[in-house]
Structure formats: structure tokens, C-alpha cells
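Labels A, B, C and D are assigned to the chains in the order they are written; within every chain, residues are numbered from 1.
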Amino acid sequence: MGFKMAEYTPSEMMVVRAARELKNREVVFVGIGLPNVACNLARRLHAPELVLIYESGAVGCVPDRLPLSIGDPCLATDSISVCSMVEVFNYYLQGGLIDIGFLGGAQVDRFGNINSTVIGDYDRPKVRLPGSGGACEIAIHAKKVIMVLKQSPKSFPERIDFITSPGFIDQVNSRRKFGFPGKGPSLIITDFGVYGFNKNTYEMILREMYPGVAVKDVKANIGWDVKVSRPPKTTVPPTDEELRIIRQDLDPGRIHLR
Amino acid sequence: MSSKVMTMAQAVGEFVRDGDTVVIEGFTHLICFAAGHEIIRQKKRDLVACRLTPDLIYDQMVAAGCVRKLVFSWAGNPGVGSLFGLRRAVEEGIPRKVEIEEYSHFGMVARFMAGASHLPFMHLKTFEGSDLPRKNKNIKFIRCPYTGKRYATVPALNPDVAIIHVQRADEEGNAQIWGLMGVQREAAFASKKVVIVAEELVPREVVRADPNRTLIPGLIVEAVVIEPFAAHPSYALGYYDRDNDFYVEWAKVSKEKAGMEKYLAEWVDGLSGRAEYREKLGAEYLKKLEADNRPSGSVNYGF
Amino acid sequence: MSSKVMTMAQAVGEFVRDGDTVVIEGFTHLICFAAGHEIIRQKKRDLVACRLTPDLIYDQMVAAGCVRKLVFSWAGNPGVGSLFGLRRAVEEGIPRKVEIEEYSHFGMVARFMAGASHLPFMHLKTFEGSDLPRKNKNIKFIRCPYTGKRYATVPALNPDVAIIHVQRADEEGNAQIWGLMGVQREAAFASKKVVIVAEELVPREVVRADPNRTLIPGLIVEAVVIEPFAAHPSYALGYYDRDNDFYVEWAKVSKEKAGMEKYLAEWVDGLSGRAEYREKLGAEYLKKLEADNRPSGSVNYGF
Amino acid sequence: MGFKMAEYTPSEMMVVRAARELKNREVVFVGIGLPNVACNLARRLHAPELVLIYESGAVGCVPDRLPLSIGDPCLATDSISVCSMVEVFNYYLQGGLIDIGFLGGAQVDRFGNINSTVIGDYDRPKVRLPGSGGACEIAIHAKKVIMVLKQSPKSFPERIDFITSPGFIDQVNSRRKFGFPGKGPSLIITDFGVYGFNKNTYEMILREMYPGVAVKDVKANIGWDVKVSRPPKTTVPPTDEELRIIRQDLDPGRIHLR
């Protein structure tokens, strides 16, 4: 084998950490990119019966290649069920069947609210992003939401420009007022570490850091004075097995994990 | 039974008018690029273009100046990144300002459901806590008459014309789909006119042998276009694979206005239709995308 | 993957409790008579029995005293006439008074849709000008927030348990249906627990080879019962025909209380289960109903 | 052939008259019993491309036997499309695709309102009937409604005990107030003749009588002083061809046309 296993990229660490969060038989609403890799990694390791559902209507997927898009043919073929998007959104997502929703985004704020719509003003955008897709309703309905995105002061600003998908909304957790079925964000996995949320203030709190990362690195890459668990744990680095599956099987072209 | 089969040029010429609200649906699967190209070629203007995921084909239609307004829920190059033609229009007004009306996927799905059901609205649990309703006044809220709980509503979407790509259809437009279905059925039932584009024309008996696969009945269909490979670089399960390389390449092709224009000149306006497009791609290229054989097996409709 | 396969006696014993709201769906097609018989045999009581069309099986359950309340939209012997067991209960309180809650088909369909979608209600255009809303206070009306127009609403129906007959399923309960689908999918998704009864147990690979036929995914299923001929005198397309003679005969059998009781004693309580029922009907009788062969043909899921 | 063609039963006349009303390519929502026979007769004669839709979800049916029930297997097999009842009610019926809805019932009043629910008081019924089924919404949505039922003072009373399915509702046609998409009842075909509706009063009016029927027979079998077109037409009796198809092909067991 050509690679030196001990070395790994931050993206690989993120994917590995996300995969470890998934339990066998859980029902996961999968997004494109890193979450896709994480789910498929979990499926090959400790969670062979993880149920993957894609908003395209494929249920119980066993992709035999890493799908570039959430509508890749490898998701329908050999799946357990294919239904229309009417059913996937009404009966599965709104129907309360999703244990975990994976979300990314361009910006996240301290309450776990996500912006994937626009940078700058909505009507005079600096950068127009793709928009919600299914993210807004996944954020509302999935029993648990896990976010995966790279960290910088820009991606974790004090205030985001637009709330596409609600996290806890604010310090009183307005999810409850709105009667959202899902509990809201549970983890944010970045390229520095892993955040949870404070049970009283609903604010992000650093719970784990990756090996070699210092608190000052984390703080330099986030837009506010983020709270830190004392002491934060150090994340177990990717195992050789995890890296081998990612590099050989899941993303040999390194499309997702540059 | 009279045949509704015609060419793509005829179907777009007759059924897509300037100013129309148009939907070319297909969620990754069965996106009718050939129809979008014909719309560009015929210089249709001021379209209100609806789709959950304005994909490369809407990027091209916007860049070609066909679109006045975009109604959507996720506008990107799936798995790759931005749609640069669309961003130039929205951010800089090139080649023209394009108005946007934005929902979530569930919101758009519900709009098509309402449209197909001839209801003026559908209610659903989403949008609260999001800034979307602030920017889209079509999103409203009602209270449940039983529980008093609040639900979002979206208005029905009833396009003038839907162009729906399918795997196979008979000459009356009874259309069958397998694999991902997206909202093809709802978009068709919601629209005033339906154009079916099929990879393959099949005899009525093939349809009747497996009626559960018929997603769209001929009775709502105006025209049937038979056009193999009409979804490339999207795909038709059982016919050809998604051309993922094309999607990845598109970022480079379309990043600058000049690249986009060159592409449109060469691959759209420079060609008479899908036959020439297939020819230009070349047999070897098409061969690479050809589907392998994964039979569903047969079930028994006997009694 | 652990198997959910069990006997009908186990499934009914474990998942149907006295007082439960129960739905055995199936619109003419795939009505699980075997489950109804087991419910009678186990003397379940005070059930709220829901179904669009309380058919012969609900007639029997009512006559056996299992049912406290009936929620329905059309209660008759299709193509034949009355359900006499049900009429005796409603008109004369024999063997007990049965409360009724009545909708139209569309109303019941919408109730299951709402239930499956975890919405507390669904709106639809019906019931106005009819006396039904006067007699059923669960039917309400709302105004469209866009047009001001009035629509009827029905509350979601979320039964405690759905018993859904299908043609084939794997041992996890991934269930496939073809031919008439009724509201099997919606009834299953709307219910808190789902019992699948299948004509045939198939390997997972058969399901995966044709995922578009999977109407109900195993992830919402508690139990799988494999029971050939469990729908007789209803039918399972591709397995056996509807026993129309039985439906016609039923009028005579059930017209008087004594006839009904004799039938129940002989064909339900007198038998241990569907195996004995099949035996009692006899091989020759079953043979007559056996489906002929009308293959759907195969499609290609390759890419 | 064993039958004497010139003789026919009132049921046969009803079916034949109903069949003649159907135009080729019309989309018909078919009920059980006589309407079923009428549609299949029309399909074999002047309307081979009549589109038959059953509330069970079968579309474009070509039944090769006369279905006893609207969910008979012969309706699904060889049909054009089978969909769930969610779709047949939402997309086809409420979606406005049905040209003609056929309805029967136990009672009809002068405004074409139908009772198929109860004789006597709803809460203390004399006879409990099956109820609406899809009739209420068919009456509201089908562009045109044709009713087929046998006539007697009991089945056409001055007032019906329960309105299951609205016709014109009352003398001002309250359909309009409710914004019903369908135009309402167009014909009532009984075993005496055929009724239309007055355009101003929305009352039933006798338009045709079968050969041999007199106005006094009609009046003796209806619960109010019904209006009569002057003069009512005489219905063309069933042709040999029509009778042959009914008796040989459609209802050889004479289940529907006793």
C-alpha cells in the first residue's frame, strides 16, 4: 500500500469523527460531500445496517461508488425503496422517521443556525449561495442534527447574514416556541475539533480538539469568544483501517477529501 | 388513437411561449437538457423558470438570456459548487437581471403537490425560525383548526408547461419511470400542458404489461418527443450513466462569461438538435456512459 | 439483520391490544382476512376499526363483538349489497352498539395522508353541500390564506396498528405491492405500529432488484407474517383471483344472525389459523382461484 | 343465438341509454353496477377510446370481464396506469381531469341531490346504507354527473333523508356559492325515462320516455309533481347489437341486469 497511514488531512479527520457518531440501524438523511463519505465509512465499519436516506427519494442505499450528487444512479439501484420526493419529505422527514440529519453550510452562528443562502445582503448579494435545498426542514425535523464544515472566522461569524436553517435560533431556544419536532443541533464537526451545545444557553461549546490543535488555534478561527469545555478532550486520530477505506474505496479520486 | 409524437423543435416551438412559466423537472435523474437547448436555440424570452434544483441546464438558459425569473430551492452544481451563469445574473445582472423566488425543497415539493391537486395552497412544517419567509412573502402561516398549531403554507405552482423526461413512453404519452422519480409526476399534473420526452418509444402493450410504472398518463400529455440521450449530462437509469466529469468540468467551462458563451455557441446554437449533439459527442464517448445490465425481474399481473 | 418473521397468532397477540385503533386496509385488493379472523379468535375487544370500505372482514369482526367504533367511508358488500352484521349492530345494537364516524373516500384518504405526513389535518375540496359535516363534527372548514376560498378539513388518522397485506416482503418487512395499491402506503406510514402480512417471503435481493415496487420500508415495520392465501376471499394479484362467488354468497350466509354465527364458529373459531382454513377450502377450490401468468416484463436498473 | 332481440328489460334500456351518452375519449369515473356495464358497452361500440378511471386507482382500464367490484383485478391488469388512491382523488378527481362521473344512490331529490347514506334518521336509522364512498367528491368535481337509478316514489321522494352528494342543492344552485368546479347533474337515467334539469329552477324535468311508457306512469312513480318537457321524446330502444354485447359479453351471468 502506497500511503503512510499515520498522516491524514483535516478533512479525513472530520469524516472519521462524523462516522464514529453514527450508530448501527440509525436512519440518516444524507447530504452531499463529507456527510456522504462519513455515512459510507460508518456502513463499512461499525454500522453495516445504517439506513441511508437521500432527499432524492432513495431509501436504504448501498452505493457502490461515492455519489457525486445525491441523485446519483448508484443510490437508486440496489436500494431498499425508491419513492417520490412527495413521500420522502412528507412521510419520512416530516413523518419523524429521521434519526440524524447531516448539514453543511457556508456560515454557522453560536446557536447553530446555518446560512447556505447568501453572503452579504439578500437583495444585493456579495456571494449568492445555493440556498436551502432540504436543509431548512432537515434542521427542523431530524431528531438530531450533525453539522460538518470547515472553520474560519468567516464561516463562524458573530452573526450570520441569513438564517437558512434554524439551529437553536437564540439563547432561549425558540425551537420550543415553534414546536419543532427535532431536538436541534447536537454536534458541529470542524477541521479543528468538535463542538457541542450548552444545555442552558444553547451556545456552541468546544468539546474535543484534534491531535496537535491548541485552544488558541480554535479561538483564532472563530468569530466570537467561544466557550471551551474544561478540559476539551483530544479526538482519537483516524485509524489505519479508517484511512484505508476512505482512500482506497470511498474517495480514491480524492474529490471530496482534498 | 392518434399519435402525439413530434420533434423537439416542434414541441418547444408550439408549447413554450415567451413569458411562460416553464418547468423542466428531474432531480439529478432525467433532466431534459435537450429541451433546454432547444429553448435557447429558439430564443425564447422572459420565461419564469421553475425547478427545485436549477442545474446546469438552467444555468445555460439564464446565461442565454431566456429567463426573467427563477423559482427554485437549491441553485448549485451538485457536488461541485456554484452555477456561475446564474450568479452572474443575480449578482451582476449579466446578461440581464433575473428575479428570484426562493423556497426550500419541501416548499417546492408542496407547491407542486398543491398544483397537481388543484388546491391553492399546501401546508407543511418548515420555514419557521428561518429568514426565508422574510424574503418571500408567498410563504404564509395558518393555524390548524384542530390543534391551534402553526403551519407554514406555500401557494400552488401551476406552470404553463412542464417538460418531463422519462425512460419510455407510448405514442399517446403514457410515460414510465423507474429509479429516482423526483417530482416528475407532480410537476406534470400541476402544469397546464405537458411535453413528454422519452428515451424510447414503446408499444402500448409494454405500458399495459406493467401499469404500476406509469407515472404520467397520456391523457394529460400534449406532445411526445422521442430523443435518446436527451438528458445528457444528466442520466436515464437503464440507458446511460450520469456524466459526472461533465458536471465537474462545467465549473471551469462556465466560470467566465466568455467560456459560457463559447460553450453555448458550440454546443447549443451551433447544432441543429440532439442528433448532432450525439454525433459531436461521438460514439466512443456515448459508449462509455452506456448502462450495464441490472434487470428488475418480472412480476405477475395475472389473476 | 434480525428477522421480524412470526406467526399471525404471535403478531396479533403482541401488537393488537383491546381498545386499540386498528386499520386493516386494502381496497378490494389485499384485504387481510386472515388477520381479522385471528383478531376474532383472540377475542380482541373494544377496537376502533378504521377502513375506507368495511368489507366482509369488518362485518365479521363487528358480528363477533370485537368492535366498539367504526371509522369508514363506504360500508357495503361491493357489487352485492349490504353488510348485514354491521347493519344489525348499527340498526339494532346486535351483538353490541357500534359507534360510527363517517367520511367520504377522499376524506379518509386525506386523513391517512395527514397521518402519514405527521400533519394534524389535511384540507380538500369536498363535503360542502352534503349533510356529512352536520353529522361528523371532525369535519371542519378553513379559508385559503391566498384566495380566501373555503376548504374542508379532516383530522389526521394515526391508528395504533396497521395490518397491511402485500404480495411479497423480505424478513425485515420491506414490502412490495403491484396492481391496486389503495392507501396501503399511507395507512402504514400513519400508524404507530405496522404488521406486514405477505403471500411470499423473498430474499432481500429480490427487493433490491426492483426498489420502485417497495411501498413500505422495513424500518417502519414491527412484524412480518408469511401467510399464503391470507387475503381470501379478497385477492392478491399474481397469486390468486378475487373469489367473487364468496362475496355474492355472503349476502345469504350473513343475512340472519344465526347464519353469521354458524360461519364464524365453523370458519373462524373452529380453525386454528390460515393453514387449516386453506385445508378446509381444499386444494381444488384454491386451484380454481390460482392466478394465470401475465408477466410485467423486466426493466433495467443498470447505469 | 337464443334470445329474442326485440325484447329487453328496463335495466338494459337504462344501460344502453347511459352508454349512448358517452363520447369517445371522454374521461369517466366509473362506479359499480350499471355504470360499469354502460361504460364497457360504450367502449365496445362508439367510444373505443373512452378512458375509464376507477376510484381504486386504475386508469385506462380494459376489463376483460365485467368487474363485480371497482377493485377487481381485471381493472388493474392491462390498464394504462395504476396509482394510489391519494393520487386518484387528489390529482385526477380534484385535479379536474374527470369529464363524467357516474353516480347511483338510494334516493334523489328534485335538485339532483343524492342520498346513499341512510333511510330514516341518521342516529336511529331505518335502513343504514353504505355511505358516500367517493360519491360526494365525484358530485362536486366531475365536469358532468350522470345518475342511473330505478325510479319509485321512495327513490324519488319530495325530500331525501340525507344529502350524501350534492346535486344543485337548491333552487338557486348553491353549487356556485360553494365554488364547486363541476357543473353538477346533467342527466338522470331511470327505468322510465331520462331527466334533465331546468336551467333556471335547477329542477328535474322529464325529457325522454322509453317506448311504451306514459307520462302518468312516470308521475305515479315519483314523489312530487315533476315537470315534463313538451313533448318528451321517445328513447330509441336498444338495438340488437347493443343487446347482444350486453347479454353475450358483458353480463352473461345477468348479475347486473336482472
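In this text, contacts are C-beta pairs under 8 Å (C-beta built on N, C-alpha and C of every residue); 3 or more make two chains touch, one makes a residue touch a chain.
Note that the coordinates shown come from a computational prediction; the quantities given were computed from them, not determined experimentally.
Traced through touching neighbours, the fewest hops from chain B to chain D number 1.
Interface repeat of A-C: among B-D, A-B or C-D, over half of the contact pairs recur, by residue number, only in B-D. Look at the CA centroids: the one farthest from the centroid of chain B belongs to D. If each chain is reduced to the centroid of its CA atoms, chain B and chain C end up 37 Å from each other. With centres taken as mean Cα positions, chain D sits 28 Å from chain C.
Chain A and chain D, compared by their mean Cα positions, are separated by 58 Å.
Counting partner chains per residue, chain D has residues 58, 73, 76-78, 82, 90, 94, 181 touching two or more of them. The residues of chain B that reach two or more other chains are 113, 118-119, 124-125, 149, 178-179, 181, 185-186, 209, 212, 235, 237, 241-242, 294, 301-303, listed in rising order.
Taken chain by chain, the contacts fit none of the simple shapes, being neither an open path, a ring, a star, nor a full set of pairwise contacts.
In this structure, the chains touch in the following pairs: A-B, A-C, B-C, B-D, C-D. Those residues of chain D that touch chain B in the complex are listed here as 27, 49, 51, 58-60, 62, 73-74, 76-82, 87, 90-91, 94-97, 181. Looking at the complex, you find that chain C touches chain A at residues 1, 113, 116-119, 174, 185-186, 189, 207-209, 211-212, 214-215, 217-220, 301-303.
Of all the residues in chain A, the ones that touch chain B in their complex are 32-33, 55-58, 67-73, 75-78, 82-86, 89-90, 93-94, 113, 117, 122, 125-137, 140-141, 162-166, 169, 174-175, 178-181, 255.
Taken together, the chain B residues at the contact with chain A in this complex read 27-29, 52-53, 72-76, 78-80, 82, 86-87, 90-91, 102-106, 109-110, 112-113, 124-132, 135, 149-150, 178-186, 235, 237, 241-242, 244, 247-248, 294. Those residues of chain C that touch chain B in the shared complex are 118-121, 123-125, 140-142, 144-147, 149, 151, 153, 155, 167, 178-179, 181, 206, 209-210, 212-213, 235, 237-242, 291-303.
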